[in-house]
Amino acid sequence: MAGMIEKMGNLDRRIIFILIALSVIIPLALGLIFPNPVGAEPSRALFDYVEALPAGSSVLLSFDYDPSTMPELQPMAMAMLQHLFRNDVKVVGMALWPMGASLGQDAMSSVGDSLGKVQYEDWCMLGYKTGGGVMIVRLGSGIQAVFPTDKDNVPWSEIPMLAAYSTLQDFDMVLSLSAGDPGIPAWIMMAGDRFGVPIGGGCTAVSAPQFYPYLGTGQLVGLLGGLKGAADYETLVREHPDAVGAEGGRAVAGMAPQSVAHLVIMLLIVMGNVAYFAEKKRKGGVK
Amino acid sequence: MRRTAVLLALLLLAVGTVAAQGVDPPERPESAVEEETGGEERPSGPEEVVIAPAHLTNTVRVAALDRVFDLQATDHPNDAGGSVSLAWDFDIKDEVPDSLAVIRRGPSGVEERIATLGGISTRYTDTTVSDGDSYSYWIESLRPDGTPAAVSDEADASSSAQWIHSGRVAMLIILAALSLIIIYYIETAKRGKKLYIREIAGLAAVDDAVGRATEMGKPVLYIPGIMDMDDIQTIASMVILGRVAIKTAEYGSALMVPTARSVVMSVAQEVVKESYLQAGRPDAFNREDIQYLTDDQFGYAAGVDGIMVREKPAAIFMLGTFYAESLILAETGRSVGAIQIAGTAMPSQIPFFVAACDYTLIGEELFAASAYLSREPKLLGSLKGQDAGKLFFIILILLGVIAATIGQFWAPLSSVADFLRSLVAVS
Amino acid sequence: MNWEILGIWIGALLSLSLYSFLYRDNPFYKFAEHLFVGMSAGYWVIYTIENVLKPNWWQRMFPAEGGFQIVWVIPGIFAFFMLARIVPKIAGLSRLALGMIVGAGAGLGMVSVFQTNALAQVEGSIISISAGSAFEMFSSLVLVVGVVSGLVYFFFSKEHTGIIGGTANLGITILMVAFGASFGYTIMARLSLLIGQSQFLMFEWLPTIPRILGIGGGA
Amino acid sequence: MRIVIPLAITFVAGMIMVLNFFVPHEPFKLLGDNLQEWYMIVASAAIFLGAMNLLHVHFRKIRLKLKNWKYSPVTIIGFLMMLVTGIIYGVVEGMPFDYLFQSAVVPMGATMFSLLAFFVASAAFRAFRASNWRATLLLTSAFIVMLGQVPIGAMIWDKIPLAKVWLMSVPNTAGQRAVMIGAAMGVVATSLRMIFGIERSYLGGTD
């Protein structure tokens, strides 16, 4: 028995790897779904802020990610767009990451179509421009100069909805879906701090803790962190009385393997500690 | 330490007096007001606009004009001139006009439509004015067919360029004072004043790590992060690399530096070559050991993982800016049994280094590393300057918290807290 | 030839090759890793040409409407200096370009980081610790004490003994709690990525196997 | 001279960027805006140095038949494949360059990234031992946050998600802030040493 416990403390990491793989694959294969309650979290703060935007407001939605972080950020984009379109908010998309532009366009057109929103009237996708924070500063003095055309090379002047925007300050808020650098920090530094535009957004769970300080200072109005944030937003959007035609959430479905794998990791930690103390006790006798 | 305190007190005083002249302490300064109003630009100061009496010519309900009110035109603040900001309000309850036209009458008296906006716009920045000239603006609401339905009040403004950004004066003073203090300490240290530096566990282990690599006949692997040379952490990492390279040269162990950026590769080659020269071992310098892999974050991680499992380095340094690849590298390094010394100022990656590495330099410790390893006076002096800066902020926070707390019961102190906050508020 | 299915297979096989690294280094991993490094390096060269050098430099020097903007020769000269490293005789010129990159990076980094990571954070820490419920007061107190003692931990020119030592100790303790929380919080993100990749392998790649076998069986 | 001109350029470039932030007036706005673009162009152009180094290292490996040289052609071919398809067909969606990128580079990136799921588990298992009280605190806060992340936590006790939010928004914010403010001091001091030429080892040559 004691030998077994000791072995547990020095478990080959490959066994851990197999356990993790199984805890993801099995719930996925079985298609498990768990309920997802939402408390007073930054995801609710973001939802409430967006909810309070009057109909006809404008939001700049920046897709600052690429396919590698799609599992976390694409569901957020879908849920946010459902929410924005449902509340008749106009959405202008752009991307600080090259691949973000087409991911964003896909999300906007699929949600837009399902809610009867028209490209170039209710939404449009400006596309990607390099430069990160520097480019954002240039948006502050003129958007059209940076994006003379949209993603599909339609000239600015031919897009009716864009006539309302000349600089960054013409937006009621900027939402950034951020996978790293450039992303939310660039928006806070260059758009929020310099031009006073409210910033909100979503990010991968890993960068979320880094952004909590900005929530406290109000530099960020709200934040979705990782898949849980996406699942929260999906839940909030669907819980709302106006939730007609909101499609079933991908993030909510992803929460089942999450829960199982979290449990497995916690069990591993407990096991590791049991083994550690057992060994310490045994060695303590020799000391 | 006493000198530091005196300096800090002087600094606080200087900042206080200058800022107090700039803004009226009891009232919240501009930046704070802006925050309250959600960043909406409000005209203030001498550029206040006189709103001309309304001359409504038409009251068609299609685009009810009486809803557009409070049109204000002001010089766009804190810019290089050439632009005027327009802001207006309207009543959302009524029907929204189809679109709005912004009309401008220039100094020559010519009227022109400078923009057509969506019906719900409330702001516009005219960036085509010339400084010093006076312009009048008004807004026409348009019917769907583009004919004007009604006209708003008129507002006048002229633009100018500013020499100093009004929301950044306090920051400029603090930054300048901090810079002076740092340079002052650097100069003092250079003149031979002995300066103390506290123990930093990860750095005390550098010698051991390099020594162990030599004993085992295995290489040392130095990973300078994945950002380019314009990133300060990468710069700091290059300075540390110079120190580590001197040690590997002295001990005679191989030093491998894979990089994710071409510029970093070039710099690393220069730095290591110089260190080997200084250590009197230019013959041992091998340029091929400092190689570029790829700019791709995970391509780089895959490549470095490959190097780790094949070269089995005895010591691994990970110092610089890291993102998600931090743990991929640190866990693989761990699995090949290397002593790992990591350091980064990326708050999100520190926990992984703490969990997977033997030693982790947390945040500012990364910037202290070169001073610790070299004990060069100028670097130690610079550290002392950094400490003074932290002390200043600690005092500021404590004073502010005390003022804000008591201010809840006694209003005057609350404005002191607001004043302290305004010192560090930047717009 | 079905390009889409081929693409899925390339992705899946390379993906499995990389996963094999979890067991240990092996020829599959070596192959995928070398391919990854080469292909991604090639990708970034093209990416840089297409997304930076062409639009931000070349097309500005020679705008579409014709003419020649001479000011854009300057970055061209510096870029040439940078590349001069290739030729040993004039390699020293690269220092000029380095000086520019480092200088601009240092200047921009100094003001941006100082504003966002120092001043704004200090501003956010000036809070009342007597507002709200008892619990909120406690939270504010922890926040202020945490920031201040954390900063004290970073003092380098003072020995960590006595009051400074005690405060620094408290500081590193709060930092540890923060790191623990941050680590625990991140696990979800990492799992999400694995879930995404598993979904690709299970729901996009696996179903193509019977299709391919089916075609084979039918023939 | 070898070092003076580069240092002068560093100083001028640094000061332009600093003044650009504080002085809206020309010429600083124009200079600053341009410089930001210029240095990006110069740093980007350097990628050719890296590419040449990559080819050099792998051709050398093949020539000298160094360890694992047989894989070097894979890197070279992969590199040239992207380069050639990119130059010939351009980067438009649906063209060979994009196809190769989407079907090989993207999934490999996603796979490397997802290895982290395994590594966080092994790191947590090994590192989270209650060996002393500070380690215990770290372990406890990690554990609570993990529970708060998934719906199961709320089912065990409905206060756990709140505890997670508290840990993330109070101690975590405090810790992050201390790290950020401290590191900002390091950044300012390092930048200053760069701009004023006090630190010059990055140019190769200490003095």
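Each chain carries a letter (A, B, C and D) given by its place in the written order, and its residues are counted from 1.
What we mean here is this: a residue touches a chain if its C-beta (ideal position, glycine included) is under 8 Å from a C-beta of that chain, and two chains touch if they have at least 3 such contacts.
Keep in mind that what you see is a predicted model, and the values were worked out from it rather than measured.
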| item | value |
| --- | --- |
| Chain D and chain C - chains in contact with each | A, B |
| Chain of greatest Cα-centre distance to chain A | B |
| Distance from chain C to chain A - Cα centre to Cα centre, in angstrom | 16 |
| Inter-chain centre distance, chain A versus chain B - centres from mean C-alpha coordinates, in Å | 23 |
| Junction residues of chain C, two or more chains touched | 18, 21-22, 30, 32, 34, 36-41, 43-44, 47-48, 52, 56, 82, 85, 98, 101-102, 104-106, 108-115, 118, 120-125, 143-144, 147, 151, 154, 175-176, 178-183, 185-188, 190-191, 193-194, 196-197 |
| Residues of chain D whose C-beta touches two or more other chains | 21-22, 36-37, 39-40, 43, 46-51, 54, 68, 105-106, 108-110, 112-113, 115-122, 124, 126, 128, 139, 143, 146, 149-150, 168, 172-173, 175-183, 185, 187-188, 190-192, 194, 202-204 |
| Sites on chain A at which at least two other chains make contact | 13, 17, 20-21, 24, 68-69, 130-131, 193, 206, 208-210, 213, 216, 218, 228, 258, 261-262, 265 |
| Touching residues (chain side chain B, partner chain D) in the complex | 78-81, 161-165, 168, 171-172, 175, 178-179, 182-183, 186, 228-230, 232, 235-236, 238-239, 242, 259, 261-263, 265-267, 270-271, 273-274, 278, 288, 291-299, 301-302, 310, 324, 327-328, 330-331, 345, 347, 350, 352, 354-356, 362-364, 366-368, 378, 382-383, 385-386, 389-390, 393 |
| Chain C - residues contacting chain D, complex | 3, 6-8, 10-12, 14-15, 18-19, 21-22, 30-32, 34-50, 52-53, 56-57, 71, 74-76, 78-79, 82-83, 85-86, 92, 95-114, 117-118, 121-122, 124-125, 139, 142-147, 149-151, 153-154, 171-188, 190-191, 193-194, 196-197, 200 |
| Touching residues on chain A, where the partner in the complex is chain B | 13, 54, 56-57, 68, 141-142, 161, 163-164, 166-167, 169-170, 180-181, 193-198, 206-207, 209-210, 218 |
| Complex contacts: residues of chain A adjacent to chain D | 11, 13, 16-17, 19-21, 24, 34-37, 39-42, 66-69, 102, 130-131, 134, 137-138, 208-210, 212-213, 215-216, 228, 255, 258-259, 261-266, 268-269, 271-273, 276-277 |
| Partner chain C, residues of chain B touching it in the complex | 1, 171, 174-175, 195-198, 200, 228-232, 235, 263, 266-267, 292-296, 298-300, 302-303, 305-306, 309-310, 347-348, 350-352, 354-355, 362-365, 368, 371, 380, 383-384, 386-387, 390, 393-394, 396-398, 400-401, 404-405, 407-409, 417, 420-421, 424-426 |
